[in-house]
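In what comes next, subunit A is part of two complexes: it sits with subunit B in the first one and with subunit C in the second one.
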Partner chain A sequence: MKKLKRGFLLIAFNNSEMDYIKMACCCALTIKSHLKYNHITLVTESTNWLKKILSDKEIEKIFDNIIIVDIPNQKNIRTHYDSPWTKFKAPFLNNKRANAYEISPYEETILLDVDYLVMDNMFDLVWDNTEDFLINKNAINLRNKKFHEKEIRLSESGIPMYWATIIYFKKSELAKRIFDLTIFIKDNYLFYKHLYKFPGSLFRNDYVFSIAIHIISGFVNSNIKSFPISTIKTMDQKDDIVEVNKDDILFLSHDPKKPWINHLVKLDKTDVHVLNKRSLLRQYEKMIKTFLN
Partner chain B sequence: MKQGFLVVAENNNDIDFIQMAYTLALSLKSSQSKIKKLSIITTETNIDKKYSDVFDKIIVCKKDDDWKNKSKSLDTTSLCASYYDLTPYDKTIVLDTDMVFTNDISTWWEILSDKELIFTTNVKTFRGDNITNDYYRKVYTKNKLPNIYTGLFYFKKGDVSKAFFTMVNTIFENWKMFFDQLEEEYRPTFLSADIAYAIAYKLLGLPDYSHLSIPTFIHMKSQLQDIGKAKEDWTSFLNVFTNKNLDIKINNYNQMYPLHYHDKNFLTKELIESYELC
Partner chain C sequence: MDEKLEKALEFSNYQKTLYLQKENLKLRLEHMLIVKYDNNVFPCSMELINFIQTCITNNIDSVVILDIHNNPVKINQLRDCLDSLLVTYHTAYDEYFNKYETLKKARNVKKVIL
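Showing the complex of A and B:
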């Protein structure tokens, strides 16, 4: 296959609870709308569902390339919130991310979570980078507060947590080594859970990449660079989206210290990681109308 | 020019400081490419041959029981005032006994030799982050004393270092008078060599080298590790791993600088044997 120069890689597998294909469409629409370089490859197990929800013409407008891979064989159940009042569990088929290096058709790839909405042009600054690999380790919530303590390090006395939400990589020795390591860590996840003392039983790419970066850096704090905007604005699972417009999003931000309060927060031309996935799916129809026409 | 490392090692009822100095000497031999010599200052006269063989010089001083009434750390404190006269070297790095070296710091000697006297002012956590908290150093911050660490410092013979140790001696001899000038709430009730050094440094108006990244060391006192409130014996909750190259990992972090382990449980029989085999 001919190598494409640069583009975005979105990995999406649907499950019984969550429509990741629709989320990938939302993510892709924002990429197309805000970025000059916006070639997008969707990685999924089948196009059947995509063809049910969109016409061929619409699909072509959203995705430039679709790669079909086997659905991950994975039992990974995640607890989600949809606002503070609804809690549910859903399968989380996320272990293909470690294979992104092999899967990517690009010389330079930006790997994005499908629940990431691109509302500014930061990614246009990233291409042709002198670095082979970029990843962020800082996240703040909608109220500009630091994210949960347990999302800052893998454990209180552990290594810093990098967010696998957005990753830039070049086809390069360093990136290949990092991804090879992530596959090894994925395959030996319980061992690394014991070694790095991270909590819970959920398979998290954030942990896998954090450990890989720690190892590749010689078991000291890493010099791996961040994106130009080094902090990921993150909407918490207990927050909600009021509406998505072309350049801005209006949220209700839940204050855990005062749970009776929801702050109205408007993000203008700011990328955001939407952790309340159902709130994003509620915006799907509107986003198709707003961004596609 | 003679160069080398120097420690004070004085056993007490609980702790075998000579064994610690022995392990430190072995770690220097295995990690340093140029200057590997460690001399000890002690009042012990009967040192096991296995230990004495690894030391460059053993400088035996007479016990001075008078110091026991003044100092928390028995005789060792009085000896700390005498480094200038007792060192067998022209250029000396003075260390705390409860340290080991994992990496070669040979390049430091040349950099440090530009100064006559330089103390560590920046210390690190096991994760390599600079320590900014003053949990154990309130007496320094509240009295605006220079934040110098005596755990690792360098001096070469000369006017400045001689004046410094002369001042330290004066403070030692009149420590109550000097310590009375400190804020009462944060005033040590015993003669602390660390505080006496800081007072001497301040009184002589010696330069502030806190912008320099070396000398430095990893300071393993628990409350400095940025891990919340923790038990003082960090070995009870952080994993320690060593390999046959004598690299040391703490919670899977490679230790790249001199390690001031502080918690004596760190020095296991197995660790000492690994150094002996190397």
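Showing the complex of A and C:
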């Protein structure tokens, strides 16, 4: 396959509860709308559903390239919230991320979660980077407060947690070694869970990449650099989206201590990681209309 | 509910929303002040603008500064770099100022988030 110079890699596998393909469309539409370099590759198991929800012309406008891979053989159930009052479980097929280095057709790749909306042009600053690998370890919520304590370190006295939400990598030795490690950690997840003492039984790429970075850095604090905007603005699962416009998003942000209280928060030209996935899916039709036409 | 209490709660809601929007404007400003010049990325600041201007005034040809990752990078075209910094600075602060002025005039939640 001919190597492409630079682009975005989105990995999406649908399940019975969540339409990750639609989320990938939302993410890709915001990339196309706000970035100068916006070549996008979708990695998925089939194009059947995509062809049902969009015309060929629309698909061509949203994705430049589609790579078909096997659906992950994974039993990973995640608890989700949609507002503080609705809780549900859904399969979470996320273990292909470790293979992104091999899958990516690009010399330089930005690997994005499909629930990440690109509303400013920060990623245009990233290409031709002097660093081979970039990942962020800071996240704040819509109220500009640091994210939950358990999302800062893998355990109370553990290593710092990196967010695998956005990753930049070049085809390079460092990036290859990190991704090779993530595959090894993925295959021996239970061992590393006990070693690094992280909570729960959910397979999380954030943990896998944090451990890989810790190992590659010689088991000391990492020298791996972050993106130019080093903090990921993250919408909590219990928050909601009111509306998405071309350059801004209006949210209802709940108060964690008083969940019945919500405040309106408008993010203007600011990227955001949308953890309440159903709230993003509710915006799908409107986003297709707003961004595609 | 007592009318005064209701008004106070409404005002508190407005104050909180206003505060969050002001914080978001500041963050947006920080983001806009990140500049890419000659494939180097660094934060634009008044200090850097003054420093580059001082170097130009003193006929210094090139300077080494720290990029956003604290790596040293050499800037050779100082005049060109200064122009780029000034554009970034003005664009960012003009947007910040205009949006801040709009927020200052907003007297209820609806206007704050418009």
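Basically, the second predicted complex is superposed on the first by the 293 of 293 C-alpha atoms of A that agree within 3 Å, B and C clash if a C-alpha of one lies under 4 Å from a C-alpha of the other, contacts with A are read in each partner's own complex, and residues count from 1 in each chain.
Basically, contacts are C-beta pairs under 8 Å (C-beta built on N, C-alpha and C of every residue); 3 or more make two chains touch, one makes a residue touch a chain.
The shown structure was predicted, so the numbers you read here are calculated from the model rather than taken from an experiment.
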Partner, of subunit C and subunit B, that touches more residues belonging to subunit A: C
Partner chain(s) touched by A:L202 [first = subunit B, second = subunit C, both, neither]: neither
Touching partner for A:E156 - first (subunit B), second (subunit C), both, neither: first
First, second, both or neither for A:V220, with subunit B first and subunit C second: first
Contacts of A:I71 with subunit B and subunit C, given as first, second, both or neither: neither
Contact footprint of subunit B on subunit A as seen in their complex: 156-159, 195-197, 214, 218-221
Subunit C to subunit A touching residues, read off their complex: 13, 16-17, 20-21, 23-25, 27-28, 30-31, 34, 36, 39-41, 67-69, 71, 99, 109, 112-113
Subunit B residues within the subunit A interface of the complex: 127-129, 225, 227-228, 237-238, 249, 251-254, 256
Subunit C partner contacts - residues on subunit A that touch it in the complex: 120, 122, 124-125, 128, 130-131, 142-144, 225, 228-229, 233, 250, 253, 263-270
